[in-house]
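Notes to accompany the following structure.
So that you can tell them apart, the chains are marked A, B and C in the order they are listed, and the count of residues begins at 1 in each.
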Amino acid sequence: MEQPLYLKNVWYVAGWSSDIKRGDRIGRTFLDQPVVLWRDQQGTAHALADRCAHRAMPLSAGVVEGSAIRCPYHGLEFGGDGRCTRIPAQDRIPDTARVRAYPLVEQQGLLWIWMGDTGRADVMLVPSYPIHEDPAYAWRSAHFPVNGSWQLLVDNLMDLSHLPYIHAKTIGGNPDLHFRTKTQSEKLTNGVRVIRQMPDSEPPPTYVDAAGFTGRIDRWQEIEFEPVLIRIHTGACDAGTGAYEGRRDHGFSMRGFHGITPETATTTHYFWSMATNILRDGIPDEVFEQTARTFREDQEVLELQQARMSADPDQPMIDIASDVGGRHTRQFISRLLREEATERLAAA
Amino acid sequence: MEQPLYLKNVWYVAGWSSDIKRGDRIGRTFLDQPVVLWRDQQGTAHALADRCAHRAMPLSAGVVEGSAIRCPYHGLEFGGDGRCTRIPAQDRIPDTARVRAYPLVEQQGLLWIWMGDTGRADVMLVPSYPIHEDPAYAWRSAHFPVNGSWQLLVDNLMDLSHLPYIHAKTIGGNPDLHFRTKTQSEKLTNGVRVIRQMPDSEPPPTYVDAAGFTGRIDRWQEIEFEPVLIRIHTGACDAGTGAYEGRRDHGFSMRGFHGITPETATTTHYFWSMATNILRDGIPDEVFEQTARTFREDQEVLELQQARMSADPDQPMIDIASDVGGRHTRQFISRLLREEATERLAAA
Amino acid sequence: MEQPLYLKNVWYVAGWSSDIKRGDRIGRTFLDQPVVLWRDQQGTAHALADRCAHRAMPLSAGVVEGSAIRCPYHGLEFGGDGRCTRIPAQDRIPDTARVRAYPLVEQQGLLWIWMGDTGRADVMLVPSYPIHEDPAYAWRSAHFPVNGSWQLLVDNLMDLSHLPYIHAKTIGGNPDLHFRTKTQSEKLTNGVRVIRQMPDSEPPPTYVDAAGFTGRIDRWQEIEFEPVLIRIHTGACDAGTGAYEGRRDHGFSMRGFHGITPETATTTHYFWSMATNILRDGIPDEVFEQTARTFREDQEVLELQQARMSADPDQPMIDIASDVGGRHTRQFISRLLREEATERLAAA
C-alpha cells in the first residue's frame, strides 16, 4: 500500500481573514484541488471548487454578486453551498448545476478549510489559537509560498538544530549553546512536542533589544505539532524567576503560528504569524522583519532540498541525533497517512 | 476507438499572404508538425516539413535562394516539391534526400495548407472568402496565438451568449437584449449555422458611431461554421427596411473571418479579419481596435479554461440552453473525427 | 539492448582549474548526477555527490571549512573522500554517513572527473594536453553551456563542412575552397582522425592579420577525437616550406581543445580553449573573440537541431559525403557504448 501524499481529513489553514475583503475572491490550490475563496456581501466567507460546472472556467476570474459568485464566461452564478442560482436565458436550473463546496470556518483571524470527506468535517475540531485574540499579545501575519513539500517544512520547524547554520546571520546566535542544549521530544495523543531549555544563559542580542534583559536568563523553545500546524513558543525570563515552573508572564514571549497547507506534492502554502507580549508599539518591527528574513532563508533551503529529492526520491537518507523531534513527527504523520489509506480501502 | 485530436483532411489557414514576402520564410507548427512557409524569388509560396533530411536542422533558420530554401547548417537545398536540389561537395543527390511537401494554396489574401493525405488534397475544396476581394468592403487582419485547444475557440465563437459577460466593456451591450434573443441553430451539409435576430431594437453605441443610425434598427448575428473556419456576419438596417428579407446593402455590415488552425493539442493559431462596408477611411480604426481588444479578452478566457481542463480532463460538464449552436458544432466535428478515424483504421 | 546515453568509464572534463579558487565550491551536473566541485584550504580539488547524506541538501550551497565541505542546513561536514567528519551535537559518526566521492585529477589547467566504476579509474589514462604548458603557445579558455546532446556537439566538430554556412561571417572563408577540399578520415585505436589539406591556397583574412602571410600558403585542418574530447589543429605555412612533411614551427598554428561532457541527455558542458603560437601579446584578442563568436553560432544551431530531434527522435536521417569523419566517430562511439552495456549486463 503506497503512502498517500496528503492527510485529507484534517482542517487546513486556507488563508488569513484579511486576505479576502467583502465582495472579493481569490483562487488558491490546496492538495492539488483548485479552490476559490470568496466573501459574500453579507461578510460570510466560502470555499468552492474553482471550476464552473458549465465549461470549466475558473470562478476566481469572476465576480461576487450579492450572495453568489458569478462565472465570468457565460454568467452562471453559484451560492456558498455550491448550487447554481442563476443560468442566463434559462428558467430551469438542473440539479447537476453545482460545484463542490468545501467546509470553511473562520475564527481567530484564520480561514480553515476541510478538503476531505465533507461528512466528517467537525467544526469542534478546528484548531484553536487564542493568542490572536489575547490582548496581552500583538501579532502580524504573512503567507509565504514554499517550493518544497509540506513534510519538508514540518521537518524544518520540528528540528531547530539548523538555526546556527542557515540562520547564522539572524536568530542563530551562539552555535555552542545550541549544541549543548538537550532536545526532549514527547509524543502526544494528537501530535508531538519538542522542548529545549537553556537555563542561566546569555541573552541573545534580539532579546536584549526587544525585552531589555540586563542579566542572565532562563530561555525555552517549545514546539508543538498537530496535524497540520505548528505552534512555537520561545522566550525567556530573568534567570531563576520561575520560567520552568510556569511563571512566564513577567518575561519575554515570542509565539509563532505556522499553518502548513499542501498546495501540490512539491509546493506548500506557509501561513505564519509572529506574536510578542511586547506591547509598546505592537509587535516590534525588527522582530517581525527578522522572522520574515529567517523564513525566507528556509524557503531557499527547502527549494534546494526538494530539487534534489525530486530528482532521486528513493535515495536513502541517514538520521542524526538532533532529528528526534522531526523523526517522531514523521512517524506520527506516517501512521495517520496509513490510517487514512486503510479507511479509504475499506470504504471502497 | 479514441477520438483523434485533429481533423486531418481539411484545408487549414496557414497564414496571411502578407506574412511572407518574396524570398522570406517563417516557421510555424500545425497539428504538432513543424512547417516552414516560404516564398521563392518568383513569388510562389511553399510549405515544407521544417526539418532538414540530413541532420534535422529547421529549414526556417535558413535562407531562400532563387527557387529553393537552403539549410543553414550544411547547405543542402530543397525545392518547393521537397526534393533536395543541391548537396555541397557531392555530385549525386539520392532519392531519399527530400522533405515532406504540404499542398499550399494562396487565394483571397490567405494561405491554405493541407496537413492530411496529400492524394486527397483538392484545390476546389479550398474555402472561399470573396469579401476579401469585394470592393464594397475594407478589411484588416491579425494572427493571435491562443493557449487553448481549437475546439474551445470554436465553442467560443459559435456561442455568442458570452458577450454580455466577457465583453461587457466592448461589444457586449445590453445584457437583457441578449437574454431575450432567441438563438436558432441549423445543421448544414458541411457545417452549422446559428442565427440571432434583434428586430426593432436600440442601436448599440458602436453602431451609431460607425454607421450613423438615428432611430431603431433591425439587427442580426449570423454565424457559420465549416471545417475549420467560422464566418460571422453581424449588422443592422433601419427598422423595417428589409434586413430579414435579404435587403441589407443600405445597412451596416461587419464581416468576421475566423480561421482556426490547431498548433498543438492545447494551442491554436487564430487568424482573423474584420471587414466593414463603411468605406469612408477604410475599416474604422475603432471597429478594428475594439474587435482586437475583444478577442484578447477571449484569449485570456480560453487560456484559463484550458488550464482547468488539462488539469482534470475527465470531469463532467453540463450544457445550458444557449449552448445549442456550440453543441451542434461539437456533434458535427465529433462525427467528422470519427469518420476520419474509421477511414484510417480501414486503410491500415 | 538499448544503447546507453553516456560513456561511463572515461575521464571527462569537469572544469578549468581556474573555475574553483582555494576554499571555493561550485555545483555542476555531469551525466545526470549532481556533483559539487570544491577546493580545500590546502589547495586540493575534490568532487563529491552534491547531496548531503542526511537530508539531501546540496553541499554546493554550503561552505568549505579547512579540509572539509559543510552542509548549510544542519552543519554536517564531509572530507574529500566523501566520509562525514563531523555531525553537530553528536559524538559517533556512523559509517553510513558518507557521500559518493568521484575520482578527480587536476593537470595542465584542467579538472578531470571519472563518473564510472571507481575501481576502474586509472590516472594514467587521463588525456594529456601539453599545449597548455608549452611556452611556445598562449591560450585562453571558456565554458559554454550547450542545449544539445553531447553527440550532436561531437558531430559538429568532426565535420567542418558546415563552416561556409553557419560561420560564413567568421571563419568560413571561400565556400568553393571548402568544397574542393578532400576529407580523409582514419580510424585510430582509441578514436578517429580527420585530415583536410588546402595546399597552395589563398590565406584567409584572419591568417593574414594574425600571422602576416604575404603569399600563398599550405593550409591544414587536423581533427582528432578520443573519448570524449576533440583536439583540432589548424594552421598554415608559406607554400612549399614543408607543412605536410612535419615542419610547421615557422608557420601559424591554432590549437583548439574541446572537452565535451554530457550534463543531461540533451544538454552538454563545452569546455574549450584556443591556443596560438603568435606570442606578441598572448593569444590575439581577435582570434579568441572570433572563435567564441563562432562557437556561439554553433550553440544556436545545436539547440535548434536538438529541439527537432527531441520532438521526433525516430525520424530517419540521411548521410552525405562530407559526413565521413562524423560517421566514423559515431560508429566508434556506438561500439564503445555497446561494450559498456554488455559489460554491465555481464556484471549484473
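The criterion applied here is as follows: contacts are C-beta pairs under 8 Å (C-beta built on N, C-alpha and C of every residue); 3 or more make two chains touch, one makes a residue touch a chain.
Please read all numbers here as calculations on a predicted model, not as lab measurements.
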Contact graph of the chains (line, ring, star, complete, other): complete
When subunit A is superposed on subunit C by its C-alpha atoms, the rotation angle in degrees, nearest 5: 120
Intercentroid distance (Cα basis), subunit B paired with subunit A, Å: 48
Subunit A, residues touching no fewer than two other chains: none
Contact set on subunit B toward subunit C in their complex: 34, 50-51, 53-58, 61, 70-76, 87-90, 94, 96-97
Subunit A - residues contacting subunit C, complex: 155, 159, 161-162, 164-166, 175, 178-180, 301, 304-305, 307-309, 311-312, 315, 317-322
